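Next come two complexes, and both contain subunit A; in the first it sits with subunit B, in the second with subunit C.
Moving on, here comes the complex of A and B:
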């Protein structure tokens, strides 16, 4: 979650551990890392200015864009407050990273060098120019010096370091040197938090893996996943690089890894985040656990079927209303007429003990009196169940 | 009992070069295993149990790391679960007074030695033995055999093969005094020539102990292909170092444990490293708050990480052993003991899932999932 990451940057380092390191990794499909970096930069500066953050100063190593792009966003917000250079220091690796300008100017005009130096010094009240990014030791010392300047040379105060684009540094340095540089920053006692951006598809997988090895939180920026039904909608919308998903993987202290997904949308005012429901969570709807096993035939009863079942007349059983019970045995003629013609009396000749509740009709119609001994009589008992018939 | 004439002679000839070459190693902390190989403990009795071979003798004898073998642990870059395995390995070596060689990219290896666990204090077992004897009604003619048996056991098991360690307590200082521990920091890069020389010297020092006082040495390398180590050598040089180390180990009384983050190597290099190992284990991190896994595993909240066995040792044998269960869960019990357990899967609810897919009967009677026509079943 982006807020959790912002809080992580704000809360900074815990005593006895190294500073938290956040890595933003994007690719060509999204290219949203700069916008997200600016978002976290803005939130951290507001926290520092309000005094909520552990860090009292902020150092931004500008490799991808000019330092003015960071100070301008800050100026518009906090013109009324104290000078922005008070807590924000910039290391300008954008203007002259390889020292070409310096060499050209140095060779051409020696006389005006003194003037130029003062000009540079004046402009570097909050910005330090770095002329050689291939020397990581000097860059490290410049960053640490800027950090101490950001906290007004207080030795116990913390400052945060944000690096614009590690990918740019990786052009000139081996990955081992970069990881050493980042580890040195992390282990410095005054650094409270560290964040950097890398473009994942510019480098080999092992390079990105080495950077993940150093980081404690990795944010992968991926393009939005489009479900088939939504494709038409998005075609009408703006370009897809304004939308995307972030996968935040955080290494926790107990050795577990927390992964969270969020959607983001880049707007003019900033970046908006929205939670996303994963497909796995959608399928975990509460399922009613029924005792009926799922087989290919239907074992359940609908209401109508339940009603009809209660109306079924069971054979050979008294209905208790005194009327004769007619059992259909497949013959088209009614029982009455047949038995009447045969003059068969199925009375109590077999069973003298006739239940007296039923009136005995001597009209020659057969009656069957079935008396069930018990309701839970098992069908395969030893006795012949037909013995119970009193015909 | 010792005076009886035995028809079998123990294969325990003392040889100058011990290890897997010939004969069992008569050293503290080593026990004879299968195929003429001696075993030492990894420090975790669950891991020793997992590492045993699948034959009846191993079931009795138990398992461990073969002397002369190379154990490799593939780390997960997101979780530090390889560290407890390293700690137990080294602590067991210290308890058995075995010489230790430790190389790490940490700037100060001695600080890591301070994090080794101490032996867990057990409740006194002697008192319980006496009460057992009191309860046991033995016929008088067999009582003398019982005493002899106890005396024999006490003599044989003066030390335990695998100790129970307590993660909460650091190891006693007394273990470090008099122990042979060589530390090397690879923070400025692994200078492989000098590292190999140090290993060679360490291993050749072990060969000086012969006879009854043989010693098994332990070498531990932490995160060998970490970026700090690889800054001064190429991939192929590192591979050559590993091959040389393995050849040194085979003819010596030493075992080595190497942990390395395999994702930081190129895939072809990672496969070569894995082939070099005698025993290959990997540790994996577990996702936090993962509902799917919580539903699948009953003891998900307690699981620290997963341990996977890829390869078991097949020294002096041509038949490879396939481990019983590939994946084990690492858990810390009562904050002091690390246990490795088989995964316990939650019982699958027959009624869960979509009604369209049906239950077991539906699966049996229905047609296969990728059937092209309704007539296929």
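Moving on, here comes the complex of A and C:
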């Protein structure tokens, strides 16, 4: 799903439509939005460098992180491959967002210190300093100017705009002004894609919702769902902060809204995405973990042990000796019956030859001969056999 | 101080990322001010041991004291074998004492002026820049703020001012590096914090200062009373969460860790939960 978002940023705007806008929304539970932002930033810069993206330039409005953090990642990128240098432009709202430094320098009338400071600013050639973020019109014009610089003043080329924290702007601006600002960026003909970060728990729900209306894709970052048994496993890893789920809600042009869920994991090399672990798999894992207590000896069976166990004949299974077990119920048997063939009648034991033939069985084996009183009595009948007993 | 704390915090003045924010959150039941002394001593004293190493250089500390005067910190540090006066004389420690500053032009008597914190920032900026000019630009500055919650009082309750002030402290250049900031805040003075923290965050009417700061902090050190109740020989617990790699480097991310502590007359003892001091 994250790939789809990266593709969305890469492919950019369709003629006659507003630019796609991606909103990243996180909370204190994960605080993963900056990491994801860096992920998409990196994928977009590599796409631009390779010429795959619609945008030819990139403007990053640095409000939350230092501008250096973006240029340094670009520098490492540069070492690995030769990329066109000017495609990244920074709008530095970090160093002096409210114009305090400017006020101090103005008071000092640009003394020695001030000169040094401007040197520092000039040393980062790709960044423009914004001294007043409370003036969104000037910020907008700075962003657009930087965009022009990013695409080498070509009036037809597109550029993407990334804003690393709208929450910071919301301290000084009303929601209406911000949404206005974002819409103005989206509808600008040269903007190919727009992405911003908002910290959802710092603002009222309605603020987040109204920002969501401006966005075409919203990525809600939520902590990983833990089942009781799974908790053990993750505690074992002890890295719960770097795991989570993203709920990607995409609004299609035809009005269809699709929400998809994906898991992510922040590693040293970057962010990795994976499909959500199914609940059934989770349950299996839970039952496996929870049903076996932790003891020093082995409670599990190996395959061979399990096979051996299935071969063991239990005591009550000896009786048949492989043959079918028949229980005589007193009725003549359709199959061969010892008593039937011997023509045993009541008191039949008086016939010595019959006894003899029975006694031919191997010695040492006792037998019980039970002869029923009459055949009209059903076996196991409910009536009391001692009913007619006369004492 | 115990090595255990150093181990889980991983504080190394030379490797401290420029512009990082270390947030110490305490509460009424367990004060976190002792950690400020820990940071003060660690930052001032550490580079001396490794002066000849590459990237050595001293770390300057600008201490912005709003709740306790210099004499208080000096007394405690002396017991821990750290003479603040000599550091102050050498210029490595700049102590902005806002508590005993009762002159007519002081920050408190100016009262609830709208940009009170701009005035304070002017002073901080001046101190950092003046010192930075004297020496080579390679040294780093860490600004320690004793009680950022008092900054809110100073700003007349305007939370944005406080956030802007702290932001400016982080963005401030000292030499070629931005300043690091260590700030103490009270986690329980915010009204909507003491209620149950909303799970879905977004419902809270206005975010508290602590919440805002937590979003931008690199490392959060929380000082709490003992979770299992009061005990005579354990005074509380400290938990450290590394949100970014500001302190411990990217090669291994540290897991959140909790230690219990016991405050003694001249030092602090740390132990793992349930362990011996």
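We adopt the following convention: the second predicted complex is superposed on the first by the 257 of 391 C-alpha atoms of A that agree within 3 Å, B and C clash if a C-alpha of one lies under 4 Å from a C-alpha of the other, contacts with A are read in each partner's own complex, and residues count from 1 in each chain.
Everything that follows uses one rule, which is that a contact is a pair of C-beta atoms (placed from the backbone, for glycine too) under 8 Å apart; a residue touches a chain by one contact, two chains touch by 3 or more.
Predicted, not measured: the structure shown is a model, and the values here were computed from it.
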item: First, second, both or neither for A:104, with subunit B first and subunit C second; value: second
item: Which superposed partner A:201 touches (first subunit B, second subunit C, both, neither); value: second
item: Partner chain in contact with A:225 - subunit B first, subunit C second, else both or neither; value: neither
item: A:296 touches, of subunit B and subunit C: first, second, both or neither?; value: first
item: First, second, both or neither for A:254, with subunit B first and subunit C second; value: first
item: Partner chain in contact with A:174 - subunit B first, subunit C second, else both or neither; value: first
item: Which of subunit B and subunit C A:14 touches, first, second, both or neither; value: neither
item: Which of subunit B and subunit C A:314 touches, first, second, both or neither; value: neither
item: Contacts on subunit A seen with subunit B and repeated with subunit C across the two complexes; value: 204-205
item: Complex interface listing, subunit A residues touching subunit B; value: 174-177, 179-180, 183, 204-206, 209-210, 212-214, 249, 251-252, 254-259, 280-281, 284, 287, 289-290, 293-296
item: Subunit C - residues contacting subunit A, complex; value: 18-19, 118, 121-122, 125, 129, 133, 160, 163-164, 167-168, 171, 173, 176, 178, 198, 200-207, 211-212, 214-216, 241, 243, 250-251, 253, 255-256
item: Subunit A partner contacts - residues on subunit B that touch it in the complex; value: 77-81, 189, 226-228, 230-231, 261, 263-266, 285-292, 304-305, 349-353, 355, 358-359, 361-362, 365-366
item: Subunit A to subunit C touching residues, read off their complex; value: 27-29, 31, 64, 66, 94-98, 100-101, 103-104, 112-113, 117, 120, 167, 171-172, 199-205, 208, 238-239, 241-242, 268
